[in-house]
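In what comes next, chain A is part of two complexes: it sits with chain B in the first one and with chain C in the second one.
Right after this comes the complex of A and B.
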């Protein structure tokens, strides 16, 4: 990513790893998350390809930095069968929903383009996802599952929830990240603690980048 | 650090975790399963833990059970939204109805201390008239409790938790000064204040259960902002670090990782104890009295699961109302973008509040609402953006405004409706027990209240300086009702003392007993009721009426 296109150029929350903003348990759980393998442990190869392509459309990541292993994080969740504590009665359980959904996405894609979802152009993928979001997919491959509900209750929360739990995403939005025990002091409008990201004001990107290199 | 709290029970061998010291332990009294203890309490949240503490302090033999783990906040609570899901009740439940609720994070807990371990610390009193909602305000039902008595207990709880709050509270009868000073406001709270002042309504720093000055081993709040993921400094005053340590000191036993699956009732129609699953097997604890305090879903679920041939519709259910009148609180919001940097991730999430519409009766709906400033962390925020349908480039673009977003979020009263209910589904959980089905639909009044709140919050947010305002239209918070208290056995499940009408040694003590829900967060009221219940039990015992 061109650093000047980000609102917080040069900010890296991981520079705070060894400061009083990160404690031992936090370092451990975030290291584990960052080490999530980009390979399937639950899904088969066909569905994995569909999931990877789906993740890339839901959260199109900048190509010039390491990627958040989104598909791996979703697959890990499926391996652990880690539910939310509820599900809409109209949806099947977590694993079943994802298996049906990824399969149906490929089948809908083949029916239109004679190609699986992962092999489509980005624009065609986006079109198909927009149709899913707006209730325009209902072939028998969904096995009675409401595709729109799958999109709103599984696709978006599971993928976006995974993305914004990753330090790379925190860098993009200028989130302070872990904060124990140091916490924060400056609470007022437009005030920033020295260990928080500097926002680049127009024309001041380079200064912001230099300051952000020292944020820790 | 010892073995993971979720793998092995920690309340064992005469000791329990000292949650205030790294790696520490405190002594814990233990009872034999064959000891007929005075009270077996199911659940250690705001109701169960407060009651366990007070009953033990009065000399009763108490064993309390929690399905969740006994965490040590100082070393085991990460500053991380996702990891801290370990505090939530994530066992499956089915949600249906016209407006199915979402569960699992802001409205449930599976840990010793219950959902107070991750509550937002907002500690508010009910408006006095709500205790007579039917007689004085024309909706819902009356409570069997008197507001003046509740006012007395609110004061006790506020002092026990050293609530930080304003010198003068703008609404309702005088309540005196809060024990600890109010916290500094963050920018998000100042936007609420600015909007309220522009519209000519009152606002105040929110009374919060996080200390603004040292207390014992707890330091003042460091404004980490991870409050709803669990407090790793112990500044938050909760069941986990206030009521439970007191309970242990007074001789109560707490059994962690202990899922109660049945309240056992004998042929004479009295409880004899509880069956619970711990360390891989079902076990039985004898008790003279059983208190169910599992919150508004697990409480009715357990009562229904405990059905016998004598009580085929579940325990305490001769009224047919167990599981009925399930009430959420409406939790819609208005969000907008400020020119200034707000960085609402700093500090407790809800530092400012207005209860104007709880105390103002010229409106076209019943009930009231408060609204508060907000501080969503990135995962919660991304899910909120997802609920309005954002993904792809549109999502990434809007997420760039994260540090400039402000929001006003309501806690709105919903009406009790019998069709909103907890029932048993066919699906089973890991314990082999039928899971809960949670059915919820808003009524016309709920919709009018939400519409009023959204309109007003949007106006107030704009008056506070926000632009590009949009509405979050479908969130809920808090769970109440499902075993309401009342004065008539035909129309309620328990009496004012939280004692079931049908089974004299069965009690229910949590948010389930609320006949109406009001427009404020319920935890302070749950604790006040529990504290009062202990006093009532002591009085009944002294008269030989237990």
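Right after this comes the complex of A and C.
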């Protein structure tokens, strides 16, 4: 990957693994997250394929860098049944909502195109998702679940949340990773602590890259 | 008969001993002039204050990424003031030292300019003159410490040129002038401690100490300077207490850093996040100056 296409050239949050920025617990948690397998543990293969296709539409990832295992992270969450601690009263619990949603998405796809969601062209997938977002899908396969709510309260938060909890996404947005145990001491606009990423100003990419090498 | 080498060595040692004793007793014979001793105390006090300023400004300006070139000036000037203080503290010459005097004036002017810079920094931030910016923008009181370091040193240098009998400074008896200077300095430093301990919502009872003992010392010292000279044991005791408050405060600030998340193992963050370790010795420095001024003041005629 050409480092200069990044706003934070040369920055890799994982380089801080063995510096004072991370402690044992941070290392353990991030290692677990990095080791998330890209295969189903909770879903069956059919729904797993639908989930993979859905993730690729919600957060398309550049092909020239390692991929965040989005479907694997959502599946892991379902496996652990790790809810939010609250839910919309009109939505079923986490696992049930995802099972109904992925199943209904495939059924709606088959009804229109005679193909499961994962086998559609990207444009057709987008159309179907837009319809889901606008509440235009309401076949009996939804079992009374509101498709709009499923989209806004499960699909978006769960997939985007999983994406931005991954170090690859942190590198992309220049996020410093867990503040524990270092803490921020320069709490003012446009100031960075030595453990934060350096944003490249146009024409100053090389300098930013040099500085990002020393981030720890 | 030839004397052995050992004998010669013994004789040489004895002669050297005699010479050393003679030198010491001769030095003892030179009269210690009170106003020169006061000058030296002020040089030392200025050095301790400069030491605080050097550490504090180097740390805080590093935290501010030296975003303005002028931010390099205070650590450099404070280093000069510190060295001048060491030199002056050991010097009994009853005459102004030109280089030291110049350094002290430089420190005074730098402190003055720094206060202006810090005021500008507070005012340019959104909200301008507000508690938020007084707490978190460039601290207004910090450059004043450099100003004080310079002023104490400059006063010490001028005092050296005065006659031993009834020395005068700024048109008044020297003890009075120095008492006023240290008294005002103590009050100013106490105001800064009050502001920052208020920011820290006085979360520890000891945080009241620097806003009660030094103001009392300041008031007693100013009183002693402005009234007819006489022995002032209470002022002396409270000044000694202020000296102690400075050092105990340093220890407590060290402990405050330890109490932050990660403690001293996370020193690179907690030295900035925790209470400033170099700050409390300023009280000890000003108490030293105050005590020396009081000693001089007590012997004055009016």
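Criterion: the second predicted complex is superposed on the first by the 214 of 216 C-alpha atoms of A that agree within 3 Å, B and C clash if a C-alpha of one lies under 4 Å from a C-alpha of the other, contacts with A are read in each partner's own complex, and residues count from 1 in each chain.
By definition in this document, contacts are C-beta pairs under 8 Å (C-beta built on N, C-alpha and C of every residue); 3 or more make two chains touch, one makes a residue touch a chain.
These numbers were taken from a predicted model, which means no experiment stands behind them.
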Clash or fit (per the criteria above) of chain B with chain C on chain A: clash
More chain A residues in contact - chain B or chain C: B
First (chain B), second (chain C), both or neither touched by A:59: first
Partner chain(s) touched by A:20 [first = chain B, second = chain C, both, neither]: second
Which superposed partner A:34 touches (first chain B, second chain C, both, neither): neither
Partner chain in contact with A:99 - chain B first, chain C second, else both or neither: neither
Selected from 39-47, 57-65, 255-263 or 291-299: the stretch of chain C that, after superposition, runs into chain B: 255-263
Chain B and chain C contact sites that coincide on chain A, given as residue numbers: 180-183, 185-188, 191
Contact footprint of chain B on chain A as seen in their complex: 7, 21-26, 28-30, 33, 57-60, 82-90, 93, 126, 129, 133, 152, 156-157, 160-161, 163-165, 169-170, 172-192, 196-197, 199
Residues of chain B defined as touching chain A within the complex: 75-83, 85, 88-96, 100-105, 108, 184-187, 190, 221-226, 232-233, 338, 340-343, 345-347, 377-379, 381-383, 385-387, 389, 391-393, 395-396, 399-400, 402-403, 437-438
Complex contacts: residues of chain A adjacent to chain C: 20, 180-183, 185-188, 191, 193-194
Contacting residues of chain C [partner chain A, same complex]: 63-65, 136, 260-262, 265-266, 268-270, 272-273
